[in-house]
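Next up, some structures in C-alpha cells.
First chain A sits with chain B, and in the next complex the same chain sits with chain C.
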Partner chain A sequence: MSYDAAFARLPVNACFDLKGAESALVEWIGAEMLPGFPADANRCRKANGVSLDHVGPRHWLLQADIDREDELNGALRPHEAPAEVSIVRISDTMATFRITGTDAAHMLAIGCPLDLHEAAFPEDAVSFTEFFGQKALVRRCVGGFEVSVEQSFGDMTEDYLTRALR
Partner chain B sequence: MMLIPCPFCGNRSESEFAYGGPVKPDRPDSHVTDDEGWVAFLTTVPNPVGPVHEHWWHVKGCGAWLTIWRDTRTHDIVEGPPDAG
Partner chain C sequence: MQVRRLPTGGRIDRSQSLAFRFNGKEYQGFSGDTLASALLANNVRLTARSFKYHRPRGIVGSGPEEPATLVELEGRRASANQAATTVRLEEGMAARSVNCWPSPGLDMGAVNQLFAGLIPAGFYYKTFKWPGWHLYEPAIRKAAGLAGAPVAPPLDGHFEAVHAHADVLIVGAGPAGLMAALVAGRTGCRVFLADERTEAGGSLLDRRLEIAGKPALEWVAESVAELKSMPNVTHLLQDASVWAYREHNLLMVNERSPANSNVLERNWRIRAGQVILATGAIERGLVFPDNDRPGVMLASAAQAYVNRFAVKPGERAVVFANNDSAYAVAADLHASGIDIAAIVDSRDAVPEDARDLAGEIPIKSGSVVIGIRGKRAVKGATVAERDGRGAEKVDCDLLLHSGGWNPTAHLFSQSRGSLRYDDTLATFVPDKAAQACVSVGGAVGEFSPASALRTGAEAAASATGSEMPDLPAVTEGHYSIAPLWRVDARGAKGKAFLDIQNDVTVDDVHLALREGYDNVEHVKRYTTGGMGFDQGKTGNINIIGTIALQKGVPIQDVGTTTFRPPYTPVSFGAIGGIREESVVLPYRHTPITRWNLDRGAFMYEAGARWRRPGYFPRDDETFQEAVNRECRAVREDVGVYDGSPLGKFELKGGDVGRFLDHIYTNLMSTLKPGQCRYGLMLTEDGLILDDGVAMRLGKHRWMVSTSTAHADTVHGHMEELLQTQFPEWNVYVTPVTSQWNNATVCGPKAREVMAALGSDIDLSHKGLPFMSFADGQVAGLPARVVRVSFTGELSFEINVAPRHMRDLWERTMEAGEPFGIEPVGSEASHVLRVEKGFLSLGHEVDGTVDAHDLGMSWIMSKKKRDFVGKRSVELRRRGNEIRRELVGLLPANPNEQIPEGAPLTPGGERRPTEGLVTACVWSVVLDRWVALALLENGKSRHGETVHVRLKNATIAADVMEPVFHDPDGLRMRS
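Take a look at the complex of A and B:
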C-alpha cells in the first residue's frame, strides 16, 4: 500500500528550551519578547514569527527562523539567567520533517501513537510523543504535520519515512 | 495497549512511558523496627494479585512522573493521578 503523502527535511530552526515559572520567565525575558503563554498544556502560541510551545510542566520551547537566533539569544541571555529559570539554546539538536498530503495522518500513525484527529489534536496542538520508537515533537502545519526528532536520529527517521512511502 | 493517564497530557499510550518501579512503603524508624522489618523494607517488592501502586515516567512525552494503581490481573488502571487530564 502506498500513501498519498510526501515529506521534506526542514532547515534548522532557532530553538530555546525554557524551564521555570511563567512569572520568573516573564520577569527575566520581558513580556514583549514572548508571544504570550499558551493557556493549555500541549498547545502553542504564535506572534511576530515566534512560537512558544507548552511541552511540559513549567517547560516551554521558543522557536523562530534561524535568522533570528542571535536576536533571541541576545534577548534571552541564557548564560546570565537567574537560578529560578533555565534557558538553553537547542537549535542544532533537532531534525525536523514536514509530512504533507491527504494521507499525512495515516503515514504519521505508522510510528506515532498520538490521537491525531482534529478534535484531539487541533491546529495549535504541539506535543512530545514518540515516532518510530524515538522521542519526537509533533505539531500541525498547513496540509499535514511537522515531526522533530533528535538530530542523531534524523537520517534514520528519513530512511523510515522513505520506506513508508514506497 | 495500556493508556496511562498523565497529569499534563491526558491519556497516552504506554509506549511513551517508562516503568519506575512500585511505590514502596515509608522508610521504617531504625530505632523501632527489627531486622525482619528492615529486610522486608529493603528487599521485598510488592507483587500482589490485584491492584499495585506504581511509579511511571512520561519519558517520551512531557517528562512528568506519576503514580497509578494498576490491576496486575487485567492491566486496568483502577486509580490514576488525582490531577490527570
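Take a look at the complex of A and C:
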C-alpha cells in the first residue's frame, strides 16, 4: 500500500517580488493593479487572476499566469520604480509542485516542518518555510498544497517527492 | 510445540500461528506475541550471553527495560540492538542472540568467565597502555558492540521521517495517558497520542483489574473507540516509542509498524504545545548473588507473560521482593497454575493488604535470597534471614524479584526537568519542569490505577482549561516499600549485578569508589553502568543506592546521572527517513545539466550543492587530455561554459551606492548605469569574504554577483549589516541567482560566435567595452550581455531567464560549431584562471590572506573613509609581520607536477614551512606545469628558487609573477 497522493511540476508563473511600504507600492503601481493587500501576515489575496502574498515585513509576491508576465511588467515598471520600492521580476526563480490527494498533507509533512493543519494554516495562508531542507513557499490549493522551491532545487525536489510517494 | 503456553487467555490471536527462527532453530508463536513471549512459550530459557563475561542470560523483562536478551534480526528486517521483548513477532522472522559464538549454549567467549577476576571495571584503561593503546584497539573494537549493523539496505520498503504538530502530545496509552487523551480530546484541541506497546492499555494489559465495574481492558477498548471517533485526535499511534525530548517541546517518536506497508519505520518529529508524560514506571530488580541467571525475572514481567501472552515462564517460582506489588504478581501466577514456593520479603512487617493477596502462599518476611542454583537455568534458590542466618534451599525454576518501581522519568529528564528523591517511594520522581510538560500516573510516582486516572485527567484539564470530569471507579491499590539496595548477608557469594546489560556488579562500583571516582557521573563512566541503550532503566537507582551505602551519605546527595536519548534503540534509517541514495545530499541543477549528462560530462559538486561538469571526455581521452583540449579551445578558438551557479542579487534603494561602498573595498557608487566593476568583500577581521562584480542597472538599481560557493554567505552578510547596523538605510536585497542563467562565450573567436548568434546589441569593442553590459536580444531571446572575463580571454556573458537557457545553449553550440566551440568544464576553468593568476576562494584565498598579499593593493580604496574590514587590515599591517604573498612557480622540471597544498620549506629541508602551493595546472599556453603559491615575502623573491617538500622528495621551482599568460590583459579587453 502506498500513499493516495500525486504531484505535478507546474509551469512557471509570472512572479514579481515587491518590497517597500504599502502606500509607496500603491502609489507607484496603482490600486487597480493589485488585488488589495492581505490584512494579516502570511496570507494572500486574489482578484482578477492575480494573487498578492504577504511573505514578510513590507514584502509581497505578486503572481499570475505566465502569459500575463509582460502585461504585469509593463504595469509595474520595475526599472523605473522610485527608490522607496523594490520591484524585481523573479518568475524563473522558483519551481512549483502541486501535491494533491487524501495523503497530500502527509506528503507535505515528510518534507516540511510547518504546521499545515487547517487550524494553523487556513485556505488563504502562504508562507516561506522549508521543504526537504530547502527554503520553500507553501500555499494551499484545491485538494492539496503547492510548494515552490528555488528553481535549481527543482529536480532534487522531484526526486524527493517520488521517493516520498512510495 | 509451545509447551509453556496456557490453554486459554492472553491478548494473542491463536488463530494466527506464526513460524519463526531463533539461532537457526524453527519455532511457532502467535500473532500478538513478542519474540520474547514466543521464546518463553517454547521453553527457550537460555537466550543470550552477557556483554563482558559471556555469562548465560535469559529473558528478564517484558518491555523496553529488557537488559539481557538483545537480538539481531536477520532477513528483511535486519537490524541490531533489539530487545526481544519489544520485537513484534512476524511470520518468517529470523533472529539470533548477540554476544555469543557460535550459540548461547556453546559460546567460545565464555572463556572470559575464567578470567573474570582479572577484568574488573576499568581494567583496560590500566592494562592496554604498553606499548600503546592502538595496538589493542582494533581487537577491542571488534569485541565491543551488541551486534553487527546490516551490511545492505533493506530488501524492500523504506524508512520515513515526518513532521507533526499537536496542542497536546500524550506519551503513553496506559490508564493515565488514555484518561488524559479523553479529557483533552473532548475539548476539541489537537491531540497526538503515542504508545510504545502494540496495543493501548499500558500496565492494564499485564494485570487483572477492574475499572468502572468491568474488566479494565473493556474500559480501554471503549476509551480507544471514543478517541478514534474524535477528528481532533489526529494520531493514535501504537508500537511507537517516544525516544527523545528536545528543546521547545520537540519530541521524536519511532513508529515501528506504520500502516503503509512500504514504510519499514517512521520517525515523527512532533512540536507540541503541551506534553503529558504518561510513561508509567519500570520495575527495578534486587541485587543479590547470581541475579542474572536464566530464570531470574522481574516479577512484573512474569505477570505480563501470564496475563497478556498466556505463557507460563516457569512451573515453580520463588518471589523475592521488598514492596507490595509482587504480591499481586504471585496471586496472578498462582491463579494461572504456577506453584509459588514462597514469597521472600526483605521487610520485617508485611502489610495486611499484601498478605491478603498472597492467600495461602507462604511468606518469609525479613528474608532475602542469598544465592541461585543452576547456571544455564534456575534450579533453586537459597533463602536466609537478612543477616544470612537460617539459610535453606528452595527448589524452583523461576526466581521473580521486585526491588520497587522507578517512574520512567527519562523523557522528563531529557527535557531538562529536575528530579528529586522521594523517601516514601524510595526512588527519584520528576520535580521541576523546564518545558511545557507534566508527568502523570506512574511517571510521577502515582502507581495505583486510581491515581493514574486522576493525575491524567488533572493534567489534561489543566492543559486545556477544562473542567475535571467524573472519574471511573477503580479500587485504590496500596503500595509500600522498604528499600533494599543490595543483599549483604553472610553466605551471599557470587556476582551481584547492578546493570545486567553492561555487566556491572556491586564490586565494580566499590572499585570505582576506592579509586576515587566518587561522583555518580564518574562512576557511570568508569564502570559503564547505565550506559548504552539501557540508560539505567533497571539498574540506575540500585547503582545510586550502592554508592550511597558505600559512602554513607543520603541517596539524594548522590544524585542521578543524565538520561540521554534515545530512550529505546532507533534505526538510523528511521532518523534519516527518505534521505538516502540520490538525495542523501542536496543537489542543484541548471537547465543545462541534462545536456551535460547526455554528452558524458563528468559531473561533481562545485560549491553550494551545484552539480557542474568537471570536464567533457571524448572517446578514450584521459582526464588531462580532455582538460587540455577544452583549455586550448578557449585560448585559441572559442569555448562556452555554464556560469549560472554564480550568486546574483538585485539591490534597490536610495542608499545602495553607499552600501556597496561599505561592503566592497573599492568604490562602486561612481559607476554609471551600464558599467560594472570587479570588487572584493572583506570580513570584519579584514580577510577576504568574497569577490564578484557589481553592475549598475539604473539610478537606484544594482546587481551584484558573487562566487558560487559564497552566495548564501554574502546574502547573510548584506542582510545582517542592513538589519543591525544600517536599518535606516534604504536598501532592498532580492536574490536572483535563479532568475538569471548564463552561457559565457569566451575565446579569440567569441565575437564571431556572438555575431553568428545574432543580437541587436552593438557588441563591438567600442559598443560594449570590457566591464560594461547591455540588455537586448541574443539569438532571438531576451538577454543581458556582460563583458567580464574569468578566463583572461575575450568573453561575452549572455544572461537569460532559465526558461530560455537550454535554447540559448543549443543555439550557441550550433552557432559556434564552425569556430570549433567546445563546452568547458570546471577543470578547464581552473586551469585558465591559474594561467591568468586570478584568485580562487579556497585556493589562494585561504582565510589568512588579504588583498595586499594577493598583489591587489589597487583594489583597497584609499579614497573611502571606511569599509568593512579596512581597519583590521591596517592594524594587522602596522605590525610589519612577515606575510605570505601570492607568487607564480615554474617547476625546474617542466613536466613535474606539484601537489596542490604541498608545503614550501627553505631548501626543501625539514624546517618550518615558508608557504604552500595553492594550485598547479598544466598550462596549454606554456606547455608545462605552472603553479601558484603563497610564499613568505613572495613579492620580493621573484627570480629565487624555492623548494617544495614532499614526503620522499623535493621539487625545485622558480619564483615569478603570478601570471603566466597575457599579463597586460589585452586579450580580455579586446
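Going forward, the second predicted complex is superposed on the first by the 165 of 166 C-alpha atoms of A that agree within 3 Å, B and C clash if a C-alpha of one lies under 4 Å from a C-alpha of the other, contacts with A are read in each partner's own complex, and residues count from 1 in each chain.
The rule is short, and it goes like this: a contact is a pair of C-beta atoms (placed from the backbone, for glycine too) under 8 Å apart; a residue touches a chain by one contact, two chains touch by 3 or more.
Since the structure is predicted, the reported quantities are computational estimates derived from the model, not experimental observations.
In the superposed model, A:Thr129 makes contact with chain B only, not with chain C.
Of the two partner chains, chain C is the only one touched by A:Asp155; chain B is not. When the two complexes are superposed, the chain touching more residues of chain A, out of chain B and chain C, is C.
Using the contact criterion defined above for the overlaid structures, shared-chain residue A:Pro57 touches chain B, although it does not reach chain C.
Once the two complexes are laid over each other on the shared chain, residue contacts for A:Gly20 go to chain C alone; chain B is not touched.
In the superposed model, A:Arg68 makes contact with neither chain B nor chain C. Once the two complexes are laid over each other on the shared chain, residue contacts for A:Arg45 go to neither chain B nor chain C.
Once the two complexes are laid over each other on the shared chain, residue contacts for A:Thr93 go to chain C alone; chain B is not touched.
By the touch criterion defined above, A:Pro113 reaches both chain B and chain C.
When the two complexes are laid over each other on chain A, chain A has residues 113-114, 134 in contact with both chain B and chain C. Remark: chain C residues 158, 160-165, 190, 234, 259-262, 269, 271, 577-579, 582-583, 586-590, 593, 610, 644-645, 650, 652-654, 697-701, 730, 732, 734-739, 801-803 touch chain A in the complex.
Chain A contributes residues 41-42, 55-57, 59, 113-114, 127-130, 134-136 to its touches with chain B in the complex. Residues of chain A that touch chain C in their complex: 1-3, 12, 17, 19-20, 78-94, 106, 109-110, 112-115, 117, 119-120, 132-134, 150-156, 159-160, 163-164, 166.
Put simply, chain B touches chain A in their complex at residues 1, 7-9, 12-13, 15-16, 59-64, 85.
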